[in-house]
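Below is a structure I'd like to ask you about.
Order of writing sets the chain letters: A, B, C, D and E. Residues in each chain are counted from 1.
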Amino acid sequence: MLEYVFILPLLSFAVAGVILAFGKWLPGRGASAGIAVAAWGFAQAAILFTKAIQGKLALPYEVSIPWFSVGSTQATLGVYVDGLTIAMLVVVTAVSLLVQIYSIGYMRGDPRFKRYYAYLSLFTASMLGLTISDNMLVFFMCWELVGVCSYLLIGFWFEKPSAAYAGKKAFITTKLGDLGFLVGLLSLFYCTGTFRISEILELAHIGFIPPAAAGAAAILLFLGAVGKSAQFPLLIWLPDAMEGPSPVSALIHAATMVAAGVYMVARLYAVYALSPVALDTVAWTGAITALTAASMALVCFDLKRVLAFSTVSQLGYMMLGLGAGGFTAGMFHLTTHAYFKALLFLAAGSVIHAVHTNDMREMGGLKNKMPVTYITFLLGALALVGIPPFAGFFSKDAVLAAALARNPYLYAVGAVAAAMTAFYMARALVMTFHGEPKDMKKYDHAHESPPVMTGPLILLAAASVVSGWALSRHEIFERLVNFEGVLPFELHHVSHGAVALYAGTVAVLSMGLGAWLYKSKPGIPAMLRGKFAPVAGLLDRRYGLDAFFLKFVALGDRLSSVLFIFDLNFLDAIAIDGWAWLTEKLSRIQRWFDDNVVDAAVDATGTVTLCAGRLARLAQTGIVQNYLLFIAVAVSVFAALAFAG
Amino acid sequence: MIEQIVFYMLAAVIILSALGVVLLPGVMHSALCLGLCLAGVAGVFASLGSDFIFAAQILVYVSGIAVLILFVVLLAGSASDLVTRQINEQWLPSLLICAAFIWSFLRIPAYFSGITAKSDPAPTVRALAGALLGDYAVPFELISIVLLASMTGAVLFARRKAE
Amino acid sequence: MTNIILLNPEIILAAAGLFILLAGAFIGENRAKLLFHLGIISSAAVLGMIITQAGLSAYGTGTMWILDPGAQFFKFLILAATVFTLLLSVNYTAIQPRHIGTYTALLLWASCGMMLLSGAMDFIYLLISLELISISCFILTGFEQKNPRSAEGAIKYFLMGGLSTAVTIYGISLFYGATGTTNLFSYASAVDLHLSDPAYIMGMLFILVGFGFKISMVPFHFWAPDAYEGAPTPVTAYLSTASKLAALGAMMRIFASVIPHHALNLTIIIAGLAALTMTLGNLAALFQTNVKRLLAYSSIAQAGYMLIGLVVADPIGREGVFFYALAYLVTNMGAFAVALVVAGKTGSYELDAYDGLAKRSLGLSIVMVMFLLSLAGIPPLAGFVAKFYVFGAAVNSQHYLWLAVLGVLNSVVSIYYYMNIARRMFFVNSEDSSPVETDLYTAGVIVITATAVLLIGLLPETFMRMIKYCVSFHF
Amino acid sequence: MSLLSLIVFAPLAGALLILAIPNTRTKAIQGVAAASSAVCMIFSGYLYYAFDKSTAAMQFIEKVSWIPAFNISYHLGVDGLSVTIVALTALLTLVSIIYSFNITLRVKEFFFWFLLLEVGMLGVFVSLDLFLFYVFWELTLVPMYFLIGVWGGPQKEYAAIKFFVYTLFGSLVMLLGILALYFNSAPHTFDMLELARQSSLFPLNFQIWVFLALYLGFAIKIPAFPFHTWLPLAHVEAPTGVSVLLAGILLKMGIYGLLRVSFPVLPLAAKWFMPFFIVIAVINIIYGALVAMAQKDLKKMVAYSSINHMGYCMLGMAAMTTIGFNGAVLQMVTHGLITGSLFLLVGVIYDRAHTRDIDAFGGLGARFPIFAGLMTIQVMASLGLPGLAGFVSEFLCFLGAFEAWPYYVAASAIGILVTAAFFLRMIEKVFLGPFNEKWAGLPDMNLRELVAIVPLAVLTLVIGLWPRFCLDLIDPTITYLVGIVNR
Amino acid sequence: MTLSHYLALSGVLFTIGLFGVLTRRNIIGILMSIELLLNAANINFVAFNRFLYPGQHLGQLSVIFVITLAAAEVVVGLALVMAIYKNLKSAYVEDYNILKG
């Protein structure tokens, strides 16, 4: 069973190529191939999962083949499977499969349909590779590859300049984080001498890595996660990434790729655990992200962007959970979040597909026209908000419990963010599906999506409803990811019950408030918005983070053009500054500069050389007695020299 | 004593006539001064007891070269030479250079100071003849080619008149 | 007296000159070109004789001259240059048919003087050979009767030559005063006595002026551009090669072999002059628009490179000079040959005449590029190995490393103007696109020199071995 | 038998043959050019195949005494350091020649110089005698001058002479260094292997001077800051096929020279120099990337990115470790493939649109899928996307250098970001966004162009996925080399 | 009289001649000045021979050669002067300046 895990990414990869090359002749223009492979992958993952929770697998499983070697260092290609891997595998394959099915309907008629499926398969391949890789080098490679797939898919409708821009922005912002990842990887290599995850974990366990070095490497690596998982302050790319097709947002920007950062931290948790500073960094970054992103979602009118902010916020929760020591909680939240957020995105996609707009102000009253979408969206929202007994309740509860155990302030931040979450989800739900239609033309046009789209919605809704409960039963998930305590600090035991009660109450209240406000008193939010315009503006501007980074970019541009001017005009001259100065002086004495090629050709050195040349020619006056005089002068000078010596 | 008087007289003649060659405005006058100067040098040779050289100097130089030059001056000279400047603009630097030369040259007499002739001069014609037909035969013959070449050249350039 | 037979080549050459001169007086104008052939045959024959003499070592009458492989090497070069020059002259129209006899005779006599010069071991002898060269060359320079440039070049050449000869003679007189001899053998045995003698110092200095003039060493080079430009082109080629190399050979004998190296500050002065020579030659060449003048400055610069080897004066340096002389001879001769062809077609020595030459005659252009690159010292051509040799000597000496560095910088500068010609040939277009034909004689020269340039560059070993042998016997 | 000689001189035979063909027979000239470089490619392929991967020793050695007076011999041989580059040279020349079939101006001369250039390049990489090395080194100069000067862009003459003078300056100083090595070795020799054996005899002071002299020559070729100013100009003005070789091969000569000559022969000086070298490497990386970002001209952008990529090579070398050297050598190969094909691709668009201004395009991705796809792949490779060739080599360079110079490596990581930024911006402006109808009539890539570019793209992928394709050959030699250097 | 006197005389004569060479505008004047230089050398030869090396005749021998060479040179020089005079109608050397630079 486990021996065939390596086939998963390879098959996806191959099918990507097949679709690109032969998609034209495949049924469904290639979609069938992609879906078949994804289905097979999901089946594999499901079987693995089942066996794993039954304890029938010998975990961790590891196998590798040499890839290349330089000197005594060897790079390998291999598979490392443990509970964490399996948990992630299930998420990836499941969401990938459903999204691909859904896309048949969503992307119907797109001229680049074939390419879309190829990209999706390529992404799935990379994501699977990342998941099962046994070493950090390949992990990093896949990490980069998913970034590129994200770039390609965000900019899939690249005729729209905003889409092209968003793709680039996403790539470069994550790349900024990846620099940290790269340096962190290098330093990790020099701490451990290996890229292999199992060896790194082993060395971390036995304390071979000095805590300071481990902390440094961990924080550097975490920078990569900050980029990839859109943590503060690199969260700016994710809302823009919504320019891509909605299924892509569901797959990449909600369920899987953005979770890769969380997965990475979890994967190397033993290293992080060596350094409390690193863990605190993770936790606080997560908390701040959760709060800021949630607050941004409060004022956003773009349905998908609300979801995107929500995603960022939830990713912050995962980080918070991990950083606070709640390893299981973080990963658990990752899993449940994947389902309900994918669901929300797909449902939103369904809406957008119907009304051809993202703006919630132009929607409204859609629940009658699109009942399936409405109900699934509602379920997803409830799961996200954390209303018991939906999935989000269990996982978010676990995260908050871990936070409380670690640090009350972390918990407070998380709780406030949770309240905000409930509020903005209520807002989105109401604005989209309830009330009166704002734009009758769009409303009339709207219709329920075809079954190929609603089918996945229903399946995901089911997962959102039950997964939290199912996985927390008998601590299935906890046993699966099999986290052994390696924390450098004691975790206080916190009563889950109290936290749960509190969280549930807050969620319900907040959601109710939101629903009431937007349904019955739509004037109040508008009034508030007007009253607190600066705050709203700040939130709209995402706390000025975009501007900050754009300034950074502009600075880079300015620097680059300054350097270019420098390169063009000064560099050749600098080495010969004195010469250039001399040239200038000489040039005033003589009108020496004509426009021949050589003159231009030699820049400052050349100019000086040429001036000297002209001086040399000046001596050649044509008058023979001048020549004779020069000779006489020379001889007398030499005579003086000869005698002096 | 006589020796000294002779030397200083010859020296005066040589130097003055040399200055004449260099400074006199008329080329004609210069040429005459050159003749005088060469004759003075011939006198120096005589005073040094070089009889053969003395003769050669008179024959070849004074009568040959100086006359040749006079001849050309008459052909190529013009009356305006007497009124136009004969010294060019670089006379001042030249003067300085010449001063520098003198300064260098003075080391040589200073180095050889106080050396007098140890023996009386003897006739040299026979000895010179022997050398010219003996060890120096090759250069002696060579000279004839040099002269031949120069004659060829003179003929070549002189003939140009006809064209 | 008995070994005068060893001077047979020179005697025959002089006699041939005389014969041609006389024949020129009687031969009809339409058949006057025969005289060129006569000259070519006789100098080639003498070249053959020189080769048969190879390996001989002997002193001449009164030890005034010497026959050693070193001298033979330079005689070989001189005769080769003479043959090339005569070949180039055959179709040179500016020489009137009735003067061909005179022209050829003077050329042969000049070569005769150069051959004697390369074996000279006595200053008197050396002086007379020098004068034979000078006088013949003065006349040859002014040979283009209708061209005022020719006359002007000749008169400048003559005046400067006259002064430098006079200075040299004065130097010889001082040398005689200091040593009591004009002979280098006698001198070589008693040199240490005279080192502080001002007459000796001044004498050597003045003698250096004469040689500096001949090899166009800065600051005695002023005649060269003017005379080169004015002279008939084959004569320019001759002056820039044979005349220069002969004087260089004699200079090697005197300044690198006979006079002990530590003896004077003279070496430092020559080193400084070498530096000046290459720098000034290259810098001034940058601006030339006349190809003859450009090559004149280039040849001044080349003399500077050769002087590096002379300054270093250890065996490698001397071999370097010899090798450089060989490479320079074929390269420069070839370049002048091409210039002659181009001028023959366009009637101009200006650089514009080269515009678009590649389209008119690709072969000629490629060959010209080869010559230019060889002059610049780009492998795998003769000029490179030569530069490699002299720079190597300088690097090896360590003391004169700076000369090598300067030489390198100069080579870089020189590439501008050499490549400028290449640029015109390949990059610039001209209106006239009629093909350029080469006459048989010039083509012969070009083919031979081009082959030599490649051969010396690619397989220098033979030449190196020969030169090693020559240098080891060069007194 | 003498395989290396065949490889080196096959193009020369072609060049001479071309001279004999009349001007007007364009097809025949093209045929001969392609055939002779194909022969060369086939031989190189065989060389690559027959190369013994298990040893660090020189293979396919040919040694014939050439100039015994200076102990110079015609000494050829390849080891892992050179064999990959020889193959790369043969390949890039072949595809460039195929690409250059569209040249119509003075075809005969073009291919003559082109093949001559190939001789020089191949010779540099196989010669084991410094004199021979230098001869070949300079032999590349002249054809390049004419190739840029005749067939180049608007500023071709300036570019040509600047290239010529700049590199000649460097190589002549290098010649002095070579001479100094010769005269200070005992017995005097130009043999690289022998000199490396004698390296312990050279005192540090001497080594430093010689190293600097050699470095000047190599640095100008690399080009290392601040000697790079000739490069953008030459690249931009040169015709496409020539830019490919200029970037793909000629720059490598500098790196190769350092690895082949400077490091093993002058190990002490190399160690002494490394603190400076790493700084230069970092400057190259960041500066090259930043300046590339300012470019509006596609070709200039690619040209400056070469400066950046050569910085990675230098970074790898500065490590003086096996990993770093491996990375540097692999980077040479991958950069040749990637930048070579980028130049070809820029040429493709320039041939059609007659502009290279990034802002002049837009939305080409929709209408020219093949072109856009290939371009995207190569750009991604260039900015170090895993799975493509650039990643492995760059990563090895970083990995190698990190131990010795962690902070420099961290700083140079900025270069990656900037590279990504300008390349993606370029892609955005050229391929994405609304289609610029001005270019509606242009065709997508034709067969000739595909034949030239696809092999490079395929190799980019192959090396990216299976770096052992190259590394297996490189590694033993490098391991040995590092042993020498650190002796 | 001592050797020094003759040497000094010769030096002075040389210097005067040099001055003439450098400053005479007329080309024949320059030629004549060159003759002065040669005579200065001749005085040296003879004086050295007389005072330092009385046993030999090398100095005098040299003078003979120098005189002859001077004659040959003057012949060529004057012929050239005639030629250029006919071309340019000027005997002033600074007028001969087509060739320069």
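Methods note: a residue touches a chain if its C-beta (ideal position, glycine included) is under 8 Å from a C-beta of that chain, and two chains touch if they have at least 3 such contacts.
Fair warning: this is a prediction, and the values are worked out from it, not measured in the lab.
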From chain B, how many touching-chain steps at minimum until you land on chain D?
2
Joint neighbours (chain B and chain E) are A, C
Which chain lies the greatest distance away from chain A when centres are computed from Cα atoms alone?
B
Per-chain Cα mean versus the mean over all protein Cα atoms: which chain has them closest together?
D
Mind naming the chain pair that shares the most C-beta pairs in contact?
B-E
How many angstrom between the C-alpha centroids of chain C and chain B?
32
Distance between the CA centroids of chain A and chain E (whole Å) is 94
For chain D paired with chain E, centre-to-centre distance based on mean C-alpha positions, whole Å:
65
Could you state the distance in Å from the CA-based centre of chain A to that of chain B?
101
Can you list the residues of chain E that touch 2 or more other chains?
7, 14, 17-18, 21-23, 30-31, 42, 47, 49, 52, 61, 65, 69, 72-73, 76, 80-81, 83, 93-94, 96-101
Counting only residues that touch at least 2 other chains, which ones in chain C make the list?
124, 128, 131, 135, 138-139, 142, 155-156, 159, 163, 167, 174, 177, 198, 202, 225-226, 287, 416, 423
Hey, what residues on chain A touch two or more of the other chains?
597-598, 601-602, 606, 617, 620, 622, 624-626, 628-629, 632-633, 639, 643
Each pair of chains that touches is included here, namely A-B, A-C, A-D, A-E, B-C, B-E, C-D, C-E
Which residues of chain C touch chain D in their complex?
358-359, 362, 369, 373, 377-380, 384, 388, 391-392, 395-396, 401, 404-405, 408-409, 411-412, 415-416, 419, 422-423, 426-427, 459-461, 464-465, 468
Per the touch rule, the chain E residues reaching chain C in their complex are 7, 10, 14, 17, 21, 27, 30-31, 34, 37-38, 40-42, 44-45, 47-49, 52-53, 56, 58-59, 61-62, 65-66, 69, 72-73, 76-77, 80-81, 83-84, 87-88, 93, 96-101
Could you list, by residue number, the parts of chain C that touch chain B in their complex?
1, 4, 7, 14, 18, 21, 60-62, 64-65, 99, 102, 105-106, 109, 112-113, 116, 122, 124-125, 128-129, 131-132, 135-136, 138-139, 142-143, 145, 174, 177, 197-199, 202
In the complex, the residues of chain B that touch chain A are 88, 90, 93-94, 97, 100-101, 104, 107
Looking at the complex, which residues from chain A come into contact with chain E?
617, 620-625, 628-629, 632
